[in-house]
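Both complexes below contain chain A, partnered by chain B and then by chain C.
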Partner chain A sequence: MRTLKLLGNFLICLAVASVVVFAVVNLLPGDIAGVILGPNASPESVAALRERMGLDEPLVMRYVTWMGTLLSGHVPRSALSGAPVGADIAGRFAVTGWLVFFGMGVAICLALPMGAWAALNRHRPSGWLVSGFAQFGMAIPAFMVGICLTIIFGVKLRWFPANGYVEASTSVTGWLSHLVLPSITLGAVQGAILVRYVRSAFVDVLRTDWFRTARSVGWRRWAAVWRHGLRNTALQLVTVVGLQVGSLFAGAIVVESVFAIRGIGTYLLQNVSNRDLPVVSTIVLMLVALVLVVNLLVDLSYGFIDPRLRNRRRLGR
Partner chain B sequence: MKRAVLWAGATLVALVVLACLVSVAWLPTDPNTVGTPTLAPPSADHPLGTDNLGRDLAARLLVGARSCLLVGVVAVSIGAVIGVPLGIIAGGSRGVAATVLMRGADIVYAFPALLLAILLAAARGHASTFTAMAAIGLSTIPAFMRVTRSAAVDVLAQDYVMAARGAGFGLGHIALRHVLPNVAPVVLVQSSSAFGVAILAEASLSYLGLGTPPTTPSWGRMIYEAQSFVYSDIQLAALPGICIAAAVLGFNLLGDGLRDLLDPTLREITR
Partner chain C sequence: MLCLHSSTGALVDRALDSGATYNPYGRIMRTTAARVVAATISAVLTVVLTACGGTSAPADRQLVVGVSTSPSSLDPTTADGAAISQALLYNVYETLVKINDTGDIVPLLAKEWSVSPDGTSYTFELQPRATFASGAPVDSHAVIASLQRIIDDPAVLPILKKKMEPVSSMTAVDADTVQVQLNQPSNSWLFDIAERAGIIMDPNSHANAASQPQGSGPFRLDNWTQGDEIKLVRNSSYWGTGTKLAGITFRKYADPNAMNAAMLSGELDIISNVAAPEALSQFSDKRFTVLEGTSTGEIILAYNHASPALSNLQVRQAINYAIDRKALRDSVWAGKGELIGSMVAPTDPWYQDLSGEYPYDPAKARELLAASGITDLNLRLRIPTLPYAPGAASYITSQLAEVGITATVDQLEFPATWVQTVMVERNYDMTIISHTESRDIANFANPGYYWNYNNTAVQESIAAANVAPTTAERDQLMAQAAKLISDDAAADFLWLLPNLVVTTSDVTGVGANAVSLSFDMTAAAAPPK
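Moving on, here comes the complex of A and B:
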């Protein structure tokens, strides 16, 4: 029952989000064909594009056509070249997907130990130091981190490629080495944000009666944190990591620009400067849908992570 | 020592505001004047040297503070002016209305500021400070709504609100006289944190060419323009980078400090 309700909510949110994207592009003042072709376009070419894009049809019909195309698994054609862009978008999404995946890995690997350390040592200088370090990390823009890493590890030390991307099918080691610096850039900034949440989740656990009991029956501090703390903070952490997926993808757009990676972010920016509105609005909707899907998965995962929630539901409480 | 975080934050914020005020009253030279020498080291004429086009770095950094504060103030105002009333309404309503409002917040939350800015820039045909401010402002609304709503729910359960209702005062009166003053501290803390987020978002947008236009100096754009010269003239990117970090750190610390001051019970959990 709860699953159905969550699914219903997700579908409503997705539908509203699609209306929002459509409305922003189509209802803001200005003629879409004029925007796409730029200020120097002749009235004839603008009229021809209006015809080709079906801009003279009623708004509702255009929305239905757009959604129909997307729901049938297709992507609208480029307004400029008229060429299909589905394969491009899929390929670019795969690149960004790997970047976000590794970036999230880096963020979690940094934030879990640092947050736990800051919580356990919250009354000691070492704990303050970790918290301060995270505060500092939150304040540095991702592109600045990227530029610094490129200078140090890409150009001076030459440990990793300074920019670019190689497909895994061409060379697995090349693929991995090209992803190292971008993933660290993306993960370090997100990790710094995550540290605060991990710390507060662990502080909550450290204050519970059962944690004190575990300690008093002889569990060592880190062993007790590992055995009892991690499991009980999982719910909060999954929520926060889920909520960060949106900012990870937004961060990836910046990181791809710094490292000249041909992912969905650079593709999106390229289409913004080409003023290819159908492609831009479709990619934006896809990214928003992705964020909503992850939020849905996070909501669905609660029952698996915390058996108490599952049982409470079964008992109808 | 107890209020070190608050003071550190306030000092950094004061420095940024001071830089902004100085830039209004006085500048070493015009920040957009192109000339020679290019990539010059610090001198009497150019206190921090010049960039690749011979523009004065100090003047550009000072004007950059203006862009950063402008976007921050407008974006946070949009977030607060829309988010706080909606949060109070959501806190005071039950059933469908509350669900619709909070689902709306969820939907806006699914649009990161960067995506909104990209969409607005694409729809209007060009990026501008306006599209950046609007996008960042809209994306901060859900956070304002959530903190206001949870604070408003607490206030609305208080006896004095019941008494006001019993005395026949309407919801508008209660919201203005009782709820708003009591949620103001939470909103203040949220505003400070949102300001930090807005500065970072503005810097990213300017870096990508989707924010402040190149004719107006902004810290993010300065870093983008300096990228080709970072191997020889690192200060061109490092100085605006330090400015951004200091401004964001300042507002984040100020927010934390204010929260500790206003609600000491949260101190240990959230730092």
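Moving on, here comes the complex of A and C:
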């Protein structure tokens, strides 16, 4: 029952989002006819091309056409080239997916120990230092981190490629090495944000009776944090991480530009710049769907993470 | 490799040991911690491994060229956008005649040509051995089919159709001879067909030209990843003297810093044009060669002559006097690029230096403005989001403020919003834009162009130049038109966009100038490695 309700919510959200996305995208000033004809356009040639491309149809009709294509299980063709873009979009989502995956990994690897440390030492200077460091990290724009990492590790030291991307099918080592700097860039800023959540989650745990009990029966401090703290903060952290997936994809757009990675972010920007509106609407809707799916999964995962929620129904509540 | 692998194993074992030694509190920590450490170490080692590549026999080079724009289609005749011609013209698609690095017309698919005494009939002798990459011959039928497509196909860009307007008929005299009959003499037509309007496509490829270009050049398309890169490889059956390169990859960088970083870290062989000249100093060491040449991109402060104040000659002249173009170029474009004074590039045969026509003179500007009777002048300066425009706009705004003109700057996204607002709707007073087409002075003779500039003297000069019997007379008439445009302050000609190419020092044969739309790599060479 709960699952069905969540699924219903998901579909309603998606339908509303499709209308909003389509409307907003079509509000963009400028159009594709001007892009194709370029700086040599004349008003007549632009008008003629607009008519040929069906851009003079009413907005509602264009929405119906777009939705019809999507509901029939197809990805709309590019208005610019007339070519199918489904494979392009899938390939680029995969690239950004890896970037977000590794970026999230970096963020979690940074945030868990730092947040836990800041919580345990919250009355000591070292804890304040970690919290302050995280605040500082949040204030640095991702592109600046990216440019600094590029100059230091890509250009001066040459430890990693400065930018670009290689498919894993071409070279696994090339693929990994190209992802190192972008993942750190994406993960560092997200990690700084995550530290605050981890810290407050751990602070809550440290104040509980059972944590005090664990300590009093002889568990060492870090061992108790590992065994009891981590598990009990998992619920809150999974929620936050789920919410952050959306902002990671948004951050990936910036990171992809700085590192010249052919992901969904650069593809989206390119199509916005070309005013290829069917493609732009489709990608944005897919991103919306992705964030909704992740949050749906987060909702569904509560039962697996927390036995108390799982057993609630069995206990008749 | 083997050695590194075994050491990875040893490190992992040690990590497992340490997990077991220091953390006696349970299974979770031991295994999890060990796994994390092991995974990290192997990830780092894999990355390090990329640094040590194997040695093999020297291979021909696939040169990677960094470019700042990427095409939306690969057909230069149906989509505008400099990126298409940049990659494909002369490299993949050939023309009867081509424009070389110094701006002269030289033979390509036509080994020679002759013009009838009245200037209305052109006879082209084709290279008898020329073939397309597919193996099909480049004969008179293929040539006529390509040129006829520009005239007939409704999808072809209007600007290219206009270039073919002088043609009345085309005849295949024999397999290797084409005769083109013009309605009237035209001094610009041969030049016009040296670029996009004159590309000769494989007759079987017309339908798929947007994604699969088939030409007769020394390179052919291998792979195109839209928005990312165009990979060309050597056409091994090229009819002429082929290239020694394995190929060229045009790779797009949206961010100029990313492009510079890629060049510095050795991932690029060539930067096609450095977008920010102040970045040039990074390439001053021995690893790089910097080529400074000219382009045909006149950066102009364009006036909308339909806007009431700007239809007044004194106001336009006042603005021209109010702007110190040398200081502007020095501050915005690091002193690179020539000052021109009219819509003529120094590589054009009728070039004359008109850069001294409106010396910086704010007092004179104020005088002219007072004489015009226009007070409280407020103009909309609507600029595109292109590298040179915002800096130039703020400089110009402050200089105009000194003589009492208020300019309000709007940045419009290029191309989508700028083209729509400025070129189509003409909803602007002034804009700053580089006109990159070669010999585009003819736009000043087109009252329908976005400047709304209608000067019959200029129109007559340019029309007369086009039908002038000798090139000397043509050049004299074109120079006269350029002077008229300058005297009339039809626009303020800020500076000529320089062509700043960076290559690694072992690359040769790349021209310094950009006088055609092509990034011509047909003569480029680099030692195999």
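FYI, the second predicted complex is superposed on the first by the 275 of 317 C-alpha atoms of A that agree within 3 Å, B and C clash if a C-alpha of one lies under 4 Å from a C-alpha of the other, contacts with A are read in each partner's own complex, and residues count from 1 in each chain.
Throughout what follows, a residue touches a chain if its C-beta (ideal position, glycine included) is under 8 Å from a C-beta of that chain, and two chains touch if they have at least 3 such contacts.
Bear in mind the structure is a predicted one, so any value in this text is a computation, not a measurement.
Participant: Is A:G229 in contact with chain B, with chain C, with both, or with neither (first, second, both, neither)?
Facilitator: neither
Participant: Touching A:I147 in the superposition: chain B (first), chain C (second), both, neither?
Facilitator: In the superposition, A:I147 contacts both chain B and chain C.
Participant: Which holds for A:V155: it touches chain B only (first), chain C only (second), both, or neither?
Facilitator: Both partners, chain B and chain C.
Participant: Now for A:S247: first (chain B), second (chain C), both, or neither, which partner does it touch?
Facilitator: first
Participant: Report for A:P76: first if it touches chain B alone, second if chain C alone, otherwise both or neither.
Facilitator: neither
Participant: Which of the two partners, first being chain B and second being chain C, lies in contact with A:V35: first, second, both, or neither?
Facilitator: both
Participant: Looking at A:V284, would you say it contacts chain B, chain C, both, or neither? Reply first, second, both or neither.
Facilitator: first
Participant: So in the superposed three-chain picture, is A:R275 touching just chain B, just chain C, both, or none of them (first/second/both/neither)?
Facilitator: In the superposition, A:R275 touches chain B and chain C alike.
Participant: For A:S45 in the superposed arrangement: first (chain B), second (chain C), both or neither?
Facilitator: So A:S45 only meets chain C here.
Participant: For chain A, give the residues common to its interface with chain B and its interface with chain C.
Facilitator: The answer is residues 28, 30, 34-35, 38, 147, 151, 155, 257, 269, 275 of chain A.
Participant: Would you mind writing out the residues of chain A in touch with chain B in their complex?
Facilitator: Result: residues 9, 12-13, 16-17, 20-21, 24-25, 28, 30, 34-35, 38, 122, 131, 135-136, 138-144, 147, 151, 155, 196, 199-200, 203-204, 243, 246-247, 249-250, 253-254, 257, 268-269, 271-272, 275, 277, 280-281, 284, 287-288, 291-292, 295 of chain A touch chain B.
Participant: Under the definition above, what is the set of chain A residues touching chain C in their complex?
Facilitator: Going by the criterion above, the answer is residues 28-32, 34-43, 45-46, 80-83, 88, 147, 150-151, 154-155, 158-164, 171-174, 176-177, 180, 219-220, 223, 226-227, 257-260, 262, 266-267, 269-270, 273-276.
Participant: In their shared complex, at which residues does chain C touch chain A?
Facilitator: Going by the criterion above, the answer is residues 23, 25-26, 28-29, 43, 46-47, 49-50, 70, 72-73, 78-81, 157-159, 210-211, 225-228, 251-255, 257-259, 261-262, 264-267, 412-413, 415-421, 423-425, 433, 435, 437, 448-449.
Participant: With touch defined as at the start, can you tell me which chain B residues reach chain A in the complex?
Facilitator: So the residues of chain B touching chain A come out as 103-104, 106-107, 109-115, 118-125, 127, 196, 200, 203-204, 207-208, 210, 220, 223-224, 227, 230-231, 234, 237, 241, 244-246, 248-249, 252-253, 268-271.
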